Structures are given as structure tokens and as C-alpha cells.
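The structures considered in this document are given below.
Next come two complexes, and both contain subunit A; in the first it sits with subunit B, in the second with subunit C.
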Partner chain A sequence: MDVFGSFALILAFVCAVYAFAGGIGAIVTRHPLLVKSTRQAGIATCCLIFLATFSLEYLFFSDNFANAYVVSHSNRDLSTFYKIAALWSGQEGSLLFWSFLLSVYVFSVLITYRNKNGELMPYVGVVMAGVQIFFLTLNNFVASPFKALAVPGANGAMNLVARADGNGLTPLLQYPEMVIHPPNLYAGYTGFTIPFAFALGALLARYPGEKWIHLTRKWTMIAWMFQSMGILLGAHWAYAVLGWGGYWGWDPVENASLLPWLTGTAFLHSVMMQEKRGMMKVWNVWLVFCTFALCILGTLLTRSGVVSSVHAFAQSSIGTWFVSFLAIILVVCLGAYLKNRDYLKSENQLDAIVSRESSFLFNNLMLLVACVAVLSGTLFPVFSEWFTGNRISVGAPFFNKVNIPIGLLLLFLTGVGPLLAWRKTSTESLKRNFGWPLAMGIIGGALAFALGFREFYSLVCLILCVFVASTISMEFYRGAKVIRTRSGASLFTSVVDLTMRNTRRYGGYIVHMGMVLVFIGLAGAAFNRDTQKEMQLGSTMQIGPYTLVLQSVDSRPERNYTAQRMIIEVMRDNKPIMMLYPEKRRFVTTVENGTMVAIYSTLKEDLYVVFAGQSPDTQLPVIHAYLNPLVKWIWLGGAVVVLGTLVALLPNRRAVLVLAGAQEPSTATQTLQPGRLTPSVITREGHD
Partner chain B sequence: MKKQLKFGIGIGVIVVSMGFLGWLGYGESKTYYHTIAELQTLQGRALKQRMRAGGTVAPNSIRRYTGRVDFVLEGEGKSIPVTYIGSDPLPDTFVDKAQALVEGSLGGDGRFVAEHVQAKCASKYEAAPGGTGGAAGGEIKRSGT
Partner chain C sequence: MRRLAASGVLLGIALLLIVPLDAQDLSDRAKQIGGKFMCMCGCSQVLTQCNHVGCTTSSSMLKELNQSLASGGSETAITQMFVQEFGTKVYAEPPKSGFSLVAWTLPSVYLALGTVLVVFVISRWRKHALEPVAGTGNAAAIPQELLERARARAARETED
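Moving on to the complex of A and B:
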């Protein structure tokens, strides 16, 4: 099966080269047969990559320990669940997985648009094939996962061997989220290839109008949703597995995943400026280019150790390939832009500082500043060594100092922006839309202050969260009230009806509400506390309102590891509320330890308990307990963000009339009563 | 006032403010990376810097005491004694022969006083880093952040 996989990858490479070169030929000659054959070559490339990936999974499931990659990342006792995850647990498999997910997108695009957008698709196909060629080059010639296991013989030649069992999967990865976190993150990274291909293709083809934006909107949202889920699942994995009580440490690899999310978020907002006012065309194209480049940079940082090398961890030659690919991307994008920049002329200018346009402008500015700050902080060791000879890194204080105020300003804009009118907003409109939410925010802040919420940024965050949640709720309420008056349906039914009439707008509001929940969770971090204690059986430990009682410590052998487990009773107000079982695991094959944190999670706070080993002096077990307020809100917020994105991806139940060049926001009342609109209305697929 | 000027001022204020905050954060958190060999040649103000050093944990050198862990870090033929005084438990990957990155400062007696330790298990070392590509960072574990 390893020969089959290798052959499939080689054939995929050949097909991708044909799709690329033949695609250029098709663009030049416009020959229909060439157009069709290159599209089919693109589809064949994807199918062959699917086959190669499945064959590697087959090697894992059949315990084929003649394959070097399987030996390094699996063993016979590894559960089926983790044999799936073993695919992306190392360099070679991760790169194949990149190709696999990219192929899912490319395949879907080629099938979806096979008889549409004939002028544009050959360009898009060439760009997608170009990206596939790069990754297939790595899969075939640099980091093949199908290498047979070999050892040097007496004569110096390599002899093929097979092992009885493998080394096993590293314990840190033997956690359920490790099975879903990397696919989500990779689906985000790879997904941004599609808007990139359409943006570059449209620029090269001088494709008229904003159609490429309409075509890519859903693909961009899908990629953004996966990237968001990947980041949050990674944060949750770090929280639940690493046992340090936190979920975000500004680690270079964490930062790498955040960068394209920031520019992707900026793009999702700024495209509305282009759709509605024909503005920011250059900006949008470059945002897509940068987002894709940051995806490649993220993969480079993760895979090459270019920043980790400063931490004295392993370096890899694969970085050179990624840097070269990044250089090619930037040269091609710059060349395409310089050649066709007249195609991107803006049709309008900003009219007023208090307007929807300016809120988008400042939203983009904040996201870009955050991106530059995170990028510069992450690459600071590399640049400082280049320029000064000293390797200097910056830590959490740098990232927090810049990004906390940016986050709060973005939160403010989340509440304000959607309710500002295009072009200019009147004072009356400001009072009508923001009077109540502002009052609610101030009341919420006063209550929080009275309850002891005194840390400055956290208090501001909470006030803004109440303010934004109120503006969003009011928007839903106003629209639903109109429907309710007409139909007599319940308020809930009216809200659902309203949402389904304009999924993009109201789905977007749900995403914003999800972000509010995430921010509430982040605000709690200022009040984290922890304590550590040696525990005898029956002894107690107090943290916040909780009393932990150590009932016993036992040891239980499992299939792949032996777990030493603390059995802890959690009491509150002298009443038992639950049992917690933090573990230390000793893995058999890797002879490594793993920690399983026990968490009692409520909306108010997380009680987070770690089995911190044994005291060197007394040999007594040690508990390290954390009390982390509001953390659950972050994961809930993530779920709401995903829900909102899914809603925004749905088609509208019916077309919505939007007033072209309206002076005031296109409120629900206006959109639902088209008869009141002026004759200059245009029908759009309801967007905000 | 011209609207372009208003936007320019708004953008300028934001960028300058963030730049200033970034500069403050840089001053607060900048950490110099040194090899173990370099640590032993530092002089003057350089001795007071916050720094990081990477190396391999010397076999049988880990001594656990209440409130601190002592070990020896080796690299490039040199070694340095390290005392970890951080409050967080050391990562599970912190074992003999593990690659470790320590962050802290040099004590007066030539001992490195570490507040944070990251470790990567030697058995999982490969020419190219393994890991998952996940947001939480491959096989590296941290103690405190």
C-alpha cells in the first residue's frame, strides 16, 4: 500500500503540472478542449491525493511497521480514534494532510463552477494548481510519508526492515481535541487558498465587477469558520492538557494561527465596502493576498522551527521551500497588481467620519495593527538577530499591551458599526440606536464594579460587552416586532423568520454576539488565582468557595498507559457537589508522562485541578488548583460564532430589497416594507 | 477641517498609541537569547538582562526540593547549573536528556535562576519538528507563561 500511495502522489504531481501548464495554455489559446482537459486534470489531481491519504491511513490501521512514518507515530495498542489523528502528528503526514484538505476545496470549486464563469475559471484553476504543485513537491520529493523503514547494513547499504511494533503517538496528542483541532485549523489555512485563487484570477483576467467577491464570500466564510474553530479548539486543548491553567500563551505557533484569522476577519468586513460603495478594491485584493501569504507563513513557522530555533529546538530545511514559495507568491501578486492596478480604481470616497464606511475603515485598521503587532512580536527574534546580532524575544506583556486595547476598540466597533448609516449618520439616528445600549452598558458596569470587578480593562470590557449585546438584541427585537405585528407569530418565531429573511446580516449579528461571549470570558482572566498543596489522604485544600478533599490515590492500568489517579471530593458550603479525578499517565511505549487535568466548569468559574506529582521530601501527592472565572464563556462564544457563520452561509428565504445609497441604516423596518422605498432600489441577495 | 485630515489624524493617533504601547511592552518583556557558552562570558550590564538559554538536561542531574528544582543544562560542550523557582509544575516532558529552554536571569553564583521552563522530550526529537501544527504548539510543553 505504501507503493500505491507513493505512485498516487507522483501521478497527482504530474496531473497538477498539466493542470497548471495546460491551464496557462487554455488561457492563451481559449481552446475549449484544453480548458476541459485541464479542469479534469485538476479533478484527477484531487482524487489521486485522496487515494494517497487513504492509503496512508490504511497503513496506520493495518499496523504496517515497515513504513517509517507509521513506526514513528503509531503502535499496535493505539486506539482507532488516535490512529486517525496519527496521520497529522508528524511533518510528512501533516503536509500530506494539507494537500488533502486543499484538494477537498479545489475539487468542490472545480465541480461547483464546471459550467459557470468560463472567463474566470481557467485563471482560478491555474492558481489552485500552482499551490497544489508546491505541496505535492514537498509530499513527493522533500517529506514523503511513504518512506520504507530502513537501517544501514554492514556494507553501508540501506536494508529494508519491518518492526514488530511502533514508537507510539506522543502522549500530548492522545486527547480527543487533538483529533479535531488540527483538521479545523488546517481547513482554515487551506480554505483561504480559494479566495486567493479567485482574487488573483480576477485581477489577472480583469474580470468585471465585484463578481469574484460574491463567488468567494461563502468560501471565505467557511475558511474563516474553520480557522476560528481551530484556534479555539487549540486554546481548549492547551487549557485542558498542558496543565498550566491558561489557554493562550502567545506561543509562536499560536500566533501563526491568529495572523490569517485577523486579516481574514478584516477582509470579511471590508468586502462590504466594495459591494456597497465600490471602494477599497486595492485593499481587498491585498487583504486576500496577505491572508493567503500568512497561511503559508503560519505553516512555515509551525513546520520549520524558524522561530523555535531561537528556543534551541530542532531546525528543518523545509523552511527554505516555504520561504521560496512565499517569495514567489509575493512576486506574482505584486506583478499582477502592478500590471492591472487600473482595474482596481475606487468608485467612491469616504464622506463622513461617523459613517458605516469609516467604522469599517477603523475596524480594518485595528485588525491590521493587531496583525502587524503579533507578526512583529513573533518574528522579533529573527529580525533582531539580523539587525543587531542579538537574539531578542518579546513575551506576553508586549502582546497584551498592544492587543488588549485593540480588542476593546474592535468590540466597541462591533456594537457601533453595523448600526451606522452608509455615507453619513445623523445625530437623531445615533440617539435612537445607541441611547438604550449605552445606558445598559453603564448600568452593567456599575453593577460589576459594585460586585468587585475592579480591574480597569476587565471592567471596560464588561461595559462594552453589555453595550454591544444590547445593540444586537435591539436590532433583533425591532425587526421581529415588525414581523410579529404583521403575522401575529410569537417573538421567537418572528426572530427566526427575520434571521432567515436576511441570513447574512443576522448571521453576522449572531457571530458578533458570539464574540461578545468570548470577550466576557477573556475579561475573567484578570481574576485567575491558584494554590498548591501537599495532600495526605483525607486532608483538605481551600480555593475560593470550594473545599477539595483528597479521598484516595489509585493506579489503574489501561491499554496504552498506566494512570495514577487522585480521587478528590469537591465540597461547597460543606455540601459535596462532585468528584474530580486528575491523573498522571505513564505511557508504555514512549516511556513519557502525560497529565489529565480535572475541571469542574460553571458559567461563573472553572475549578481546575492538576495532579502535580509527588513532593520530593515527603512523597505525598501534590495538588495544584486554579480558580479561573468565566472561562466557559469563551467556548460557548466559539459555538455561537460557528452557529452565526452557518446561518450566514444559508441562502435567504426570500430576496430583500436594499435601498441603494441610503442616508440612514437599512433597518429591518425598511427592508421589510419595500413599498416605502424610493424608486432607486436594487434587489440584492440580502446583505448588510 | 477636511475629512481626509480628520481620518488621517484618527489613524495617526491609533497607530502612534499602539506603537507607544508596543514599545512599553517591549521594554517590559524583552528577553535575550544566549547559548550556554555565551552565558559564561557575559559581563557588566548584560548580566542583569532577562534571558533565555537552551540545552539538554544532563542525565541524573534533576534534584527536586520543596519550592525549587535544580538541574544541569548542557550544550556545545558546556554546562550550567539551573534552579527553577517557578510556581507552575514542570512539564511532563521535562526528564533526563530532554531539550529544555529556561527563562530567567543569572544569579550571583553563576547559577541560572529560571522562572519558566519549556521542555521537549528527547525521544521525540527529529531533524524536523514533529508536532501537530496546532495552535497550541507541537510537542513543546510550558510551565507557566
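Moving on to the complex of A and C:
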């Protein structure tokens, strides 16, 4: 299987080179056969990468300890579940996994548009093949996962060997989230290749109109959704596994995942300006370019050791490859832009300052400021070392101070944006739309203040959350009321009906509502409490309204580790409410320890209990308990964000009312009298 | 039976194969000052938040911090002590002096520059909108094709 996998990867590389070079030939000659053959080469590349990936997974499942990568990341006792995750647990395998996910996207694009957009697709195919060539170069010649295990022999030659068992998987990765978090994050990173390929392709081809925007919107949303899920699952993993009581530590690798998410979010908003008003064409193209470049930069930071991080892979020379690729991307993008910048001439005009357009501009400004602030903070240790010779760390306190105000401004704009009309918003409409949400925000703030929310940022955050939730609810209510009046259906049915009539708009509102829930959860962080105590059997510990009683301690051997478990009874008002089992795991093969946090989670707060260690003086177990308010809202918010994105991806269920004269050129010859336009119903699939 | 259970518990505790950890009882002041330093074990976490499995660095740093505070050490003295021991990498946030000031000023610079740019863009777009269009004032003179395009655009822009 080693040989099979290696051969598949080499062949994939050859096919990708053909798809790239042949694609350029097809663009120049426009020969139909060449166009078809390069497309098929692209499909073959993807299939060969699938085969290579499956063959590596087969090596894991068959415990083939003659393969160096399998030896380093698996062992016989590793459960099936984690043998899947072992694929992306190391540098070589994760790069192959990148190629795999990229191929899933490329394959889907090539199949979906095989008979469509003939002018654009050869360009898109060339860009996608170019990206694939880069990753296949790494897979084949820099970090191959198919290297056989070898030791130097007596004569200096390398002898192939096989081990009886492997080293096992890093304990920190042996958690359910690690089986789903990296694939989601990688699917986000790789997914942004598709909008990049369409944007660059359209620019190179001077593809007329906004069609590339329509074509890529869904791909961008899919990538964005995976990126969001990846970030939130990573945060949940950090919360449930690392045992430090938090979920976001502004680690360079966490920051790296946030950067393309921020620019991707900016693009998903500003793209509406281009679709509806033909504005911001240059900006949108560069947002897509930057998002893709940030994905590559994020990978560079994770894998090169440029910045220190607990998440990073082992330091290697692979960073040079990524820097070179990043430089090529920027040169190609800049060249394409300079050559064809007249193609991006926009119909930029703004009828009023108070309008949806302005709110999108400020939304983009805040997202971009957040992005560059996080980026410069992340890279500051490197810059400080260059300029002063001393590496100055930039940790969570800095990022919190800088990003909390920006986040709150963004939250404010989330509420304001939908209330403003396109082109111009009248004073009357401002009063009508802002009155109730503002009142609700102030009432919510007063209630929060009365309930003890005295920390400034948390209070502002809660006021804004109520304000934004009110604006979104009002939007749903107004629309549903009209449907309800006409159809007589219930309010809930009318809301569903309304959402399905314009999935993009109302799906977007659901995403905003999800973000509100996330912000509510973040507001709770200001009130986190913790306490730590050495505990004897039967002794108690108090945190907030909870009393923890250490009932007993046990040890249970599992297949791959031995768990030492604290059995703790949780009481409230002298009544037992549940048992918690925080534990330490000792992994047999790696001889490393892992933590398993026990969490009692409610909407109000999380009781988070960690078995922190053993006191060297008394030999008693040390229990660290945290009381983290509102954390559950973050995970709920994440689920709502994903739901909203899925809704926005759905096609509209029903026909919408449009002006027949505007849609059917054949009617243009009819004499139309101003003010007497006859509306008719035309089904428009994928209306937005 | 109780003896057996007690033996089991003792055995369980004896089997705890974890790195010993000091149960630090941190004062609020220690927490506040400790929040300004990084744990130097390489976990990239703030000192008071490091609960890294097997981390002996954070416990020894916290012990030093507690001892300094107990002996009346000021925040500046503690900072100097840690910087001397670990270098500038120990800061959780850059100090607001010297080259590090750049890190603090950059976000404000981005915001200021971005705002100026957005205001400039808005004023330019407004100028375009206010420019008079040739031939206005006579609806009958508008070509049919232009009218159709305008209708299509109106439909597109109002559908949301």
C-alpha cells in the first residue's frame, strides 16, 4: 500500500501539471478537445489523491508499522475512531489531508460546471490545478506520508524495517472533537480556494458581469461555514480538554484560523454591494485574494515554527515553501489586477450617507481592522525580535483589550445594517425601525445592571445583544405578519414560510442571531470565578452556589490508557444534584498524561471541575473548580450560525414577485406607460 | 470492608501518575499581577491560567510571585525579576514603552486610516451621485432600452 499510495500521488502530480499546462494551452488555442482533456486531467488528479488518502488510512487500519508515519502516529490499541484522526495528526498526513479536501472541492466544481460557463471554467481550472500542484509538490517531494521505516545498516545503506507496534497518537488529540475539529477547519481553509479560483479566473478572462460572484457565493458560504464550525469546535476542544477554564487563548494558531474568517465575513457582506449596486468590484476581488492568502499564511504560521504555539506542528523547513507560494500568489494577483483593472470599473455612487451601503462599508472597515490588528499582534514577537533583538510576547490580555471594542462595534453594526434601506433611509423610517430595538436594548441593559452586570464591556455587550436580537425579531415578525394576514397560517408557519421565500436574507438573519448568542456567552467571561483546594475523602469545597464533596477516587484501566478518576458529588442548597468525574489519563505508549474535565453545564453557568494534580507535600488530590457564566450560549450560538448558513444555502422555495418587463427582453418592444407596469410572477431559482 | 475500601482509595491515590502540583492559594493581587505574565513552559498561556498537564514552570513562577508579594515586592520589582529571569518573552502584553508601544498604537492607526479611507470613499461616491445627468427632465426622451435597464436595476435593488 505504501508503493500504491506513493504512485497515486506521483501520478496525481503529473495529471495536475497537465491540467495546469494544458489548461493554459486550452485558453490560448480554445481547442475543444484540449479543454475537455484538461478538465478530465483535473478530475483524474482528484481521484488519484482520493486513492492516496484511502491507502494511507488503510495503512493505519491494518497496523502497518513498516510505514514511518503510521509508526509515529498510531499503535495497535488505538481505537478505530482515532485511527481516522491519526491521518491528520502529523505534518505529512495533514498535508495529504489538505490535498484530499481540496480535491473534494475541485472535483465538485469540475463536475458541477462541466457543461456550463465555457469561457470561464478553463481559467478556473488552471488556478485550481496550480494550487493542487503546490500541495502535491509537498506531498511528493517534501513531506511524503508514504516513507518506509528504515534504519542505517552496517554498510551505511538504509535497511527497511517494521516495528511490532507504533508510538501511538498524542494524548491531546485523543478526544472526539479532534476527530471533527481539524477536518472542519481544513475544509474552511481549502474551501476558500474555490472563490479565489473564480475571482482570479474571472479577472484573467475579463468575464463579463457579476456572474462569477453568483457562482462563487455558495462556495464561499460553505467554506465560511466550515471555518466557523472549525473555530468553534477548536474552542470547545480547548475548553473541555486543556483544563484551563477558557475556550479562546489568542494562541497564534487560533489567530491564524480567525484571520481568513474575518476577511471571508467581510466578503460575504460586501459582495452584496456588487450584486445589487455594481459597487466595490476591486475591493471584493482583493478581499477574496486576501482571504486565500491568509489561509496560506495561517498554514505557514502553524507549520513553520515562525511563532511559538502549543498547536503548531514540529518545526521544519516547510515554511520556505509556503513563503514562496505566498509570494507567487501575491505576484500573480497583483499582475492580474494591474493588467485588467479597467475590467473592475464600478458603478460607484452613493445616494445617501445613511444607507445600507454605508453600513456595509463600516462593517468591512471593522472586520478588516480586527483582522490586521490580530495579524500584527500575532507577528509582533517576530518583528520585535528583528528590530530590537528581544522577542516580546503578545498574549491574551493585549488581544482582548484591542478586539473587545472592535467586536462591540461590529455587533452594533449587525443590528443597524438590516434596519437601513438600500440607497437611502428616510428619517421617518429610522424612527420607525430603531424605536423599539433601542427601547428594548435600554430595558435589557437596566435589567442586566439590576442583576449585577456591572463590568462595562459586558454590560454594553448585553445591551447591544438585546438591541440586535430585537431588530432581527422585528424583521421576522413584520414579514410573517403580512403572510399571516394573507394566508391565515400560524405565526410560526408564517415565519418558516417567510424564511423559505428568501433563504439568503433570513438565513443571514439567523446567522446574526447566532452571533448574538455567541456574544452573550462571551459577555459572561468577565464574571468567571475559580478556586483550588487539596481535598481529602469526604471534604468539601464551595464555589458559588455549589458545594463539591469528594466521595472517592478510583482507577480504571482502558485499552490505550489508565484513568485516575475523582468521584465528586455536586450539591446545591444541601441537595445532591449530580456526580462529576474529572480524571487524569496516563497513556501507555506515549507515557504522557491527559486531562478529562468534568462540566455541569446550564444556560446560566458552567461548573467546570479539573483534577489538577497531586500535592507534593500531602499527596492529596488538588481540585480546581471554575464557575463560568453563560458559556453554553457560545456553543448554542455556533449551532445557530451553522443552521442559518445552511438555510441561506437553500434555494428559495417559492416564486417571487418581479417586474415582468424587467426580466423578459421580448416585452421590450411593447409600449410601456410609466406608472402602469404590470407585475407578474416569474420563478427565479436561487433568488437572493 | 471499610479497611478494604480505604486500602483501595490509598492504592488509587498511590497510582496517581501525575506530575505533582502546588496548590497555590493566590491572593487577588497575585492573580492581578500574575495575569500580566506568560507561563514560560511553552504553553502560550497566561501564568495564572496555565493548567497545563505536567507544568512545573507555572507553579514555580507563582511561588516566586507569592514570595515577592509576601516580602513587600512592588509590581515593578516583580516585573523586573521575571524579565531578568526569562527575558521579554515573559510579558503577557507588550509594555507601553519603547518599541512595544508600536504594538499598542497600530490598531488605532489602522482604525484611523480606515475611517479616513471610508469617509473619502463615501464622499467620492456621493459626488458621483450628485453629478447632473445629461438629458434629464424629459421622460419621453429616455430610450426604451435604458428604461428597461433601469427597471431591472430597480427590481434587483429592492428585492433585498
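Note that the second predicted complex is superposed on the first by the 648 of 688 C-alpha atoms of A that agree within 3 Å, B and C clash if a C-alpha of one lies under 4 Å from a C-alpha of the other, contacts with A are read in each partner's own complex, and residues count from 1 in each chain.
To be clear about the criterion, contacts are C-beta pairs under 8 Å (C-beta built on N, C-alpha and C of every residue); 3 or more make two chains touch, one makes a residue touch a chain.
Bear in mind that the values here come from a model prediction, so they are computed numbers and not experimental data.
Superposition note: with subunit A as the common reference, subunit B and subunit C are in steric clash. When the shared chain is aligned, subunit B comes close enough to touch A:230, but subunit C does not. Judged by the touch definition given at the top, the superposed model places A:502 against subunit C, while subunit B stays out of reach.
Once the two complexes are overlaid on the shared chain, A:243 sits against subunit B and subunit C alike.
Of the two partner chains placed by superposition, A:528 touches none, neither subunit B nor subunit C.
Of the two partner chains placed around the shared chain by superposition, subunit B is the only one that A:185 touches, whereas subunit C remains out of contact.
Looking at the shared chain after the overlay, A:303 reaches subunit B, while subunit C stays out of its contact range.
Touch criterion not met for A:540: it reaches neither subunit B nor subunit C.
Within the superposed three-chain model, A:365 lies in touch with subunit B and with subunit C [touch as defined at top]. Legend: residue contacts after superposition of the two complexes on their common chain; A:140 is shown touching neither subunit B nor subunit C.
When the two complexes are laid over each other on chain A, subunit A has residues 242-246, 249, 251-252, 308, 310, 350-351, 353, 358, 361-362, 365, 369, 373, 376, 381, 390-398, 401-402, 406, 532, 584, 592-595, 610, 612-613, 615-616, 622, 624 in contact with both subunit B and subunit C. Looking at the complex, you find that subunit B touches subunit A at residues 3-4, 6-7, 10-11, 14-15, 17-18, 21-22, 24-26, 28-33, 52-55, 63-66, 75, 87-89, 91-93, 95, 99, 101, 118, 120-121, 123-145. Subunit C contributes residues 5, 8-9, 11-13, 15-25, 35-36, 38, 42-46, 49-54, 87-95, 98-100, 102-104, 106-107, 110-111, 114-115, 117-118, 121-122, 124-126, 128-129, 139, 144-145, 147-148, 151-152, 154-160 to its touches with subunit A in the complex. Against subunit C, in their complex, subunit A makes its touches with residues 242-246, 249, 251-252, 275-277, 279, 308-310, 348-351, 353, 357-358, 361-362, 365, 368-369, 372-373, 376-377, 380-381, 384, 387-388, 390-398, 401-402, 406, 422-423, 502, 505, 532-534, 537, 552-555, 562, 564, 584, 586, 592-595, 610, 612-616, 619-622, 624, 656, 658-659, 661-663, 665, 668-669, 672, 674, 677, 687-688. The residues of subunit A lying in touch with subunit B in their complex are 72-73, 88-91, 94, 143, 167, 170-173, 178, 181-182, 185-186, 230-231, 233-235, 237-238, 241-246, 249-254, 257-258, 299, 302-305, 308, 310-314, 316-318, 350-353, 358, 361-362, 365-366, 369, 373, 376, 381, 390-402, 405-406, 409, 530, 532, 584, 590-595, 610, 612-613, 615-617, 622, 624.
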